[in-house]
Amino acid sequence: MSNRGERRGIHGVVQVGQGPRLSWASSLEASINITSSSLISHLTASYTDSSDDETSPRDKQQKNSKGNGDFCIKNIKQADFGRREIEIAEQEMPALMALRKRAQGEKPLAGAKVVGCTHITAQTAVLMETLSALGAQCRWAACNIYSTQNEVAAALAEGGFSVFAWKGESEDDFWWCIDRCVNVEGWQPNMILDDGGDLTHWIYKKYPNMFKKIKGIVEESVTGVHRLYQLSKAGKLCVPAMNVNDSVTKQKFDNLYCCRESILDGLKRTTDVMFGGKQVVVCGYGEVGKGCCAALKAMGSIVYVTEIDPICALQACMDGFRLVKLNEVIRQVDIVITCTGNKNVVVREYLDRMKNGCIVCNMGHSNTEIDVASLRTPELTWERVRSQVDHVIWPDGKRIVLLAEGRLLNLSCSTVPTFVLSITATTQALALIELYNAPEGRYKQDVYLLPKKMDEYVASLHLPTFDAHLTELSDEQAKYLGLNKNGPFKPNYYR
Amino acid sequence: MSNRGERRGIHGVVQVGQGPRLSWASSLEASINITSSSLISHLTASYTDSSDDETSPRDKQQKNSKGNGDFCIKNIKQADFGRREIEIAEQEMPALMALRKRAQGEKPLAGAKVVGCTHITAQTAVLMETLSALGAQCRWAACNIYSTQNEVAAALAEGGFSVFAWKGESEDDFWWCIDRCVNVEGWQPNMILDDGGDLTHWIYKKYPNMFKKIKGIVEESVTGVHRLYQLSKAGKLCVPAMNVNDSVTKQKFDNLYCCRESILDGLKRTTDVMFGGKQVVVCGYGEVGKGCCAALKAMGSIVYVTEIDPICALQACMDGFRLVKLNEVIRQVDIVITCTGNKNVVVREYLDRMKNGCIVCNMGHSNTEIDVASLRTPELTWERVRSQVDHVIWPDGKRIVLLAEGRLLNLSCSTVPTFVLSITATTQALALIELYNAPEGRYKQDVYLLPKKMDEYVASLHLPTFDAHLTELSDEQAKYLGLNKNGPFKPNYYR
Amino acid sequence: MSNRGERRGIHGVVQVGQGPRLSWASSLEASINITSSSLISHLTASYTDSSDDETSPRDKQQKNSKGNGDFCIKNIKQADFGRREIEIAEQEMPALMALRKRAQGEKPLAGAKVVGCTHITAQTAVLMETLSALGAQCRWAACNIYSTQNEVAAALAEGGFSVFAWKGESEDDFWWCIDRCVNVEGWQPNMILDDGGDLTHWIYKKYPNMFKKIKGIVEESVTGVHRLYQLSKAGKLCVPAMNVNDSVTKQKFDNLYCCRESILDGLKRTTDVMFGGKQVVVCGYGEVGKGCCAALKAMGSIVYVTEIDPICALQACMDGFRLVKLNEVIRQVDIVITCTGNKNVVVREYLDRMKNGCIVCNMGHSNTEIDVASLRTPELTWERVRSQVDHVIWPDGKRIVLLAEGRLLNLSCSTVPTFVLSITATTQALALIELYNAPEGRYKQDVYLLPKKMDEYVASLHLPTFDAHLTELSDEQAKYLGLNKNGPFKPNYYR
Amino acid sequence: MSNRGERRGIHGVVQVGQGPRLSWASSLEASINITSSSLISHLTASYTDSSDDETSPRDKQQKNSKGNGDFCIKNIKQADFGRREIEIAEQEMPALMALRKRAQGEKPLAGAKVVGCTHITAQTAVLMETLSALGAQCRWAACNIYSTQNEVAAALAEGGFSVFAWKGESEDDFWWCIDRCVNVEGWQPNMILDDGGDLTHWIYKKYPNMFKKIKGIVEESVTGVHRLYQLSKAGKLCVPAMNVNDSVTKQKFDNLYCCRESILDGLKRTTDVMFGGKQVVVCGYGEVGKGCCAALKAMGSIVYVTEIDPICALQACMDGFRLVKLNEVIRQVDIVITCTGNKNVVVREYLDRMKNGCIVCNMGHSNTEIDVASLRTPELTWERVRSQVDHVIWPDGKRIVLLAEGRLLNLSCSTVPTFVLSITATTQALALIELYNAPEGRYKQDVYLLPKKMDEYVASLHLPTFDAHLTELSDEQAKYLGLNKNGPFKPNYYR
């Protein structure tokens, strides 16, 4: 996951430098409150926090079983429960576990002092404990005020990690936690792992001198990456930064493969719609659109595609989809799915012309693709029929089924497979290792993509999950191809 | 098509600078005789040249109906037949026809003097007549001694083109024809359209001063492009060159979409094999491999994949293919297909272990992937059972079915759809227009890829074929995305 | 839906007369308590019955707004809410609505007195109100003590239907309600619509003379149909009966098309597993197995099939699945799915050999396919991790993920699309019309399948949903084919 | 293959008794000359008969190497070449080879005297030699005057078979050969294997008494089966007959699986059309239509379906195809494919409205589906552009590409995979065994379908080809299902 609010980076279209222009300052203030409660509810779906304890963690004095109290969490007593969650997650994150094993001899992060600010979940815990196994010391805060799994935080604290996070922080708590990670005597971070840019921003604002000892920033989210590119452009980026959001492996999994499954899942969980025979229009044929179209076609839907880019349009044709303008099919389709990365793709005019019962949802960008605001008019009635499902009712009785109020369907109404989280976490770990160990001069004060070879390494760590056996080049073949036997095997632009 | 001999560029793996190192001089001498007769037989499949006329065209005096004799072809009397061929091809190359229409007002190639050296087929004729309609003057030779369609050459000559080509040229004829295109009084070329690099080489060798007036080279083949990069590296490239082989649209069509169909076609025409239930191993999961795997899976084959690149390997997994090493499945598969771009992928050791009746073919790179030479040993019997089909028989009676002697199946035993040729020809035309009209300084003495926007334009010209309707960005949307409304819509690396 | 407990008829294998031998009497007693709470929870998922009213409906005196009190339900005040549910369901059951329209002139059920015993849901209400519009009078009880939607029952009572049903009946209530439908002064049923056979049984037992005026029975469930065949064999069936469970349209939809979607849905909702790259074994390649395999293959899983029938086995081969014995792949697969209609397909021996994390579920027959009882041994630990999801943990820590305790995944963990319910309800309505209007002698005291032509009619009524346009035979073509222009178009055995 | 002329049985629609009414007598006379030269050219495609020997075989005296001369073929000297062909065919017909092995102990056809009349090809030779290995004596004639492979006939004669057949028989030769098989001293047939009904007819007409000793007829073709049903209806069938044309396995393979591949093959070989993005309408969604649609969808075509039967129509919807009337899409489609089994499906009116370049072909029934005759009008020009490919040109220059003059594309322009022939031949062999060994009274003087169990046995014999492993029922499971452990596993109507 890549952002505190919505995950904006899931579509293929918005490129760095082309995205919406966010003002750093204003977005900082705003972003605290833009929280995707649905995302969080998934992250924490299976855990009930029965604690009626209303005391703020900041007011508690807690110590773990070894007497260590350098953390601030909800309830240290939940550690056992959290440990079980972590152990289950470990089973599904074999790449990180493999990294731990390979690092038993060498400690590539020995001496690293990592300050992190991410969602605090079982998967993150596996990442943190991997970093620790690789030699790093960690201090951690949450990048979202709602997404912390309290029992996982407890297990981490019990394990000796300095964690400052709980579910339901106030805005003040949020910054206080971040500050507690950074502003500590006798410990100065030399690596930053950020998801959304708030940690980075805080250090820029409060402790700019700290950057002198920082070797690099690893940033996960579209928003955070965007901020870094802005800093870089403005000449204000004072350490190398690694953009892990745009690595090939992550992109393919977050977009094509993950959405191929989550479009079906999201639609079923919310509407129980039968796909067979349904007419669907998918707006946008980037990676997300390709995934959605492939899945729906396979389930027996008749799929139309809209596109602005002639190359993607031609791909849609060759893949067997009629390329249309939205107005050509809007009256006849049963389902409308946006995945363009654009804004106002489905506007009121189209909503007015949809047929009764049409399902409208967004797989693309934030909540801008469907002009939901245009439906907030007096003559339309909204009826909440299920969680995340609204019927918007026209005066003549026509009902449109709007999902997740136009927010991302796959985050709101589906789940993110652990396998995808595993790829992200592994990429983060490798980016930290790369930046920490890079020889002087390899990276300047700029934003970098993960080297192709590292990207390939992330992929290779996930192959055992599928019992997949890679072929190795012979010396003769490597020479013939002009390649190193260990890769990289493709140019950087390969997708 | 991209080369005089085999089309080497069809796979996704060989990157510029990584391909086999060819000596310019030696390859020049050698390449004349390395001719893919199978390719040619397809190109000329439907045309019977009943002429028993054994006189060399060089010894004939022919004039077209307007008294023009500035050409050298087999027989001007075949012009009517050739004209019909061209007219049929026109119907399938709507993009070039559209270019002609759009250029009725302006003549973007007015003043251009194009010397060309390509296969001379009905499709090329449509290209040449399009260039002419755009304002260019053309002189043309064949890039292959066997591939000329004589009746098409006749129709071109009758139409006023200075064509120097016939089917069955000798090596001496070959260079003589090229020379006649270039070395002519009162006409000095300012643009080169080459396929294989021989024309370019000839001018470098014989008329280096000619480059002073030449605005650019457009090169189609992998081999030719490779030579240009070598020249560039050596600092000897004295005009800008455009590599059209690696444009996105062309690559996707030549590789993924074209091979998805030609693997089935090539196997059926040669072996009549039923695909359903067959076990197949596909070596390499680049674009070609992806196309082959998708097609065979859809036809009910059980497909295994081998790969060296972990990212492609993970894609194979997610697409539902078991990733194996060749030796794990070699005993059980019914069909082995190579598409790695590598050499010696299927070696004698594997051939020895295949089961009786196993079909072996190559969709990848030249003829290096299968070690065919290793089968030329005394204990093995070769039996030619059909054109392009050999049974290689082991002492115990086991038969391996080797297709096209390990050369490219899709070129040897299938056909290249006109639609693919249309994309290539349109790309060539646009590359000529771009280089010819580029303002001073846009292109240096280097090798360039077609600008993204032009690539998108090629795609857009082919959309009407599919009755496909592109959506246009609104001003507001374009601003939001930070894009120009007319593109380019994606970064250059987008695939 | 076809049974009070589990829906047993969902697989293609068990044929009438081949199924498990149930003793009528014993099963009658037993079946009351075998209730699929999961099915019910889905049927009633979106409705919360906040009423704290603990008074038994039998002790209440309620009247609808017109003063009619001939019903017994939970709370007549919920009628408005129930009406909305019915209206929403109407939108998704266009075939019944079409039947209503076509019957505006004629009333094919005029004079029919239908006593029914089915699940009482919004969809059933649409059926009942359709029967009423066609001219029938109805009295209705629930076939399941948990599945009644109270607010729908209220709306029906408000609309004048004599409904006797509420959620949470006792066994005594259950038979009392049925009796109230039948044993009423001045009203004697002439048609029976049954789902499970309990109503039929009650009349046989208590009011055998009633059959003198009954024109026929329409039975929906596998169990009920089985009982009818037993009666018929024993010479005790005294009226014609229509087996709607085995109609072509219903079978294809219940099995192939419905399972193609519900296998994905059921797995996702319970485990969030990513399908791409997963190895799956599907036991049984009947219609259910075909649906499961097609869906998983499309999502990028690698699917193996086991079969006992060589014809189905050969179909699996031709469709691209490796046909294996379970023991060949049991160690390597990530997911095991049974859909054989058989018992003890997955036994402890196989469960012992599965790998850690393997998911085991049943799409086939009742709860016999997986030998769940064999997992209730002391050395294994069961952990309920979610609703319907158990981890069974081996002493070495290996976990098997068992879904729905081996009961039907698609009923337990997924939903039945309204479209499928619509086909069933339409088939029931047409079967009633056919039996009621059949000329003397067309049907004897036997069990019949719906005439092919009626089956085709059900299908045709659902085509408008897909904006599908049927072609009509010309007279000349009908004559040529030897067919009636209005069908039937295929022999009875056509699938 | 099933008929002397076209194979009419390849579609799923025409049922026995519903097909075109053929007069026995008239069709007999007519059928000799209605020969599908295209089918024959495939059967004999790879064999060149360089013999310039114009002597009629009937005038030759030939003996095989053992001095036996009881045959009449073209040239006994070709026996070696024919033997190689047979050996190659043996490799692809493992089921018959397995039958031979299993029969090494018992000889189920010991005493059988089989007279046969079929195409005489390498595949038939494998069948005949299998029958011989099972104990039968055989005499054989050709069912088609063109389809005999002379060298195979030679090999059979050399091997001791009494074969009377050569390529290019006259009509008189045809009946003479049949007569030579039957009318021989000291040998009276007790089994008939027929393909088209001519042999059966001859015996009825000339030697009716012969039927006293004949145990049964096995008939392969639609036409022949139709004649048998007519005889049966008329009470004139005097021995049991087995209709092998309609066995499940054969139907599925001939129609669904075979057409899935041959539609692509037939279109490619004739037109080299690229499938991706093409709009195609498939008329008829029976097994053939299902196969065509699945293949084209997989290749990226956009497929529309027309149907008359609502059940098939609904299947098309659920499989993701828009169901239309032909006139709704006729202007926009690139390819029109008929597979209805009907006549005049594509009439002149539609042909007039097709767009330029539209390809029209027939996969269904004989040559009646496309009204080709309506194109034989003066204003239209026909141009033969390739074998089996005509351009029909309208006055305005529009060209329709008509394949195989409306005859069956898959027989005319593709090949029949040996695997399909293997299934047919195995079915024939088992039908002979069944009829020959059936206890008195099992079969009356009627037409029978192959028992389900035999059908399953045919399938099981082909599983080893795919290395497919069947699961066996345990005693407990068989009992539970009420099945015999060895089958049959499904009711007769199972498809």
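We just call them A, B, C and D in the order they show up, numbering each chain from 1.
What we mean here is this: a contact is a pair of C-beta atoms (placed from the backbone, for glycine too) under 8 Å apart; a residue touches a chain by one contact, two chains touch by 3 or more.
Everything numeric here is computed off the predicted structure, so don't read it as measured data.
Chemist: Show which chains lie in contact with subunit A and also with subunit B.
Modeler: Expected: C, D.
Chemist: Going by C-alpha centroids, which chain is farthest from subunit B? Tell me that one.
Modeler: In terms of C-alpha centroids, the chain at the greatest distance from subunit B is C.
Chemist: List the centre-to-centre spacing of subunit A and subunit C in whole Å, with centres computed as mean CA coordinates.
Modeler: 41
Chemist: Report, in whole Å, the distance between the mean C-alpha point of subunit B and the mean C-alpha point of subunit C.
Modeler: One centre to the other, that is 58 Å.
Chemist: Give me the residue numbers in subunit C that touch at least two other chains, ranges are fine.
Modeler: Each of 257, 276-277, 299-300, 314, 317-318, 322, 466, 468 in subunit C touches at least two other chains.
Chemist: Where on subunit C does subunit B make contact in their complex?
Modeler: Residue list for subunit C touching subunit B: 276-277, 297, 299-302, 314, 317-322.
Chemist: Under the stated contact criterion, what part of subunit C meets subunit A in this complex?
Modeler: My answer: residues 46, 91-92, 257-258, 260-261, 264-265, 268-269, 272-279, 294-295, 298-300, 332, 356-357, 385-386, 399, 414-415, 417-420, 465-468.
Chemist: Can you tell me which positions in subunit B touch subunit A when the two form their complex?
Modeler: The contact residues of subunit B facing subunit A are 13-15, 17-20, 248-249, 252-253, 257, 306-318, 322-326, 328, 341-345, 368, 455-457, 459-460, 462-463, 466, 468-474, 476-477, 480-483, 487, 489-495.
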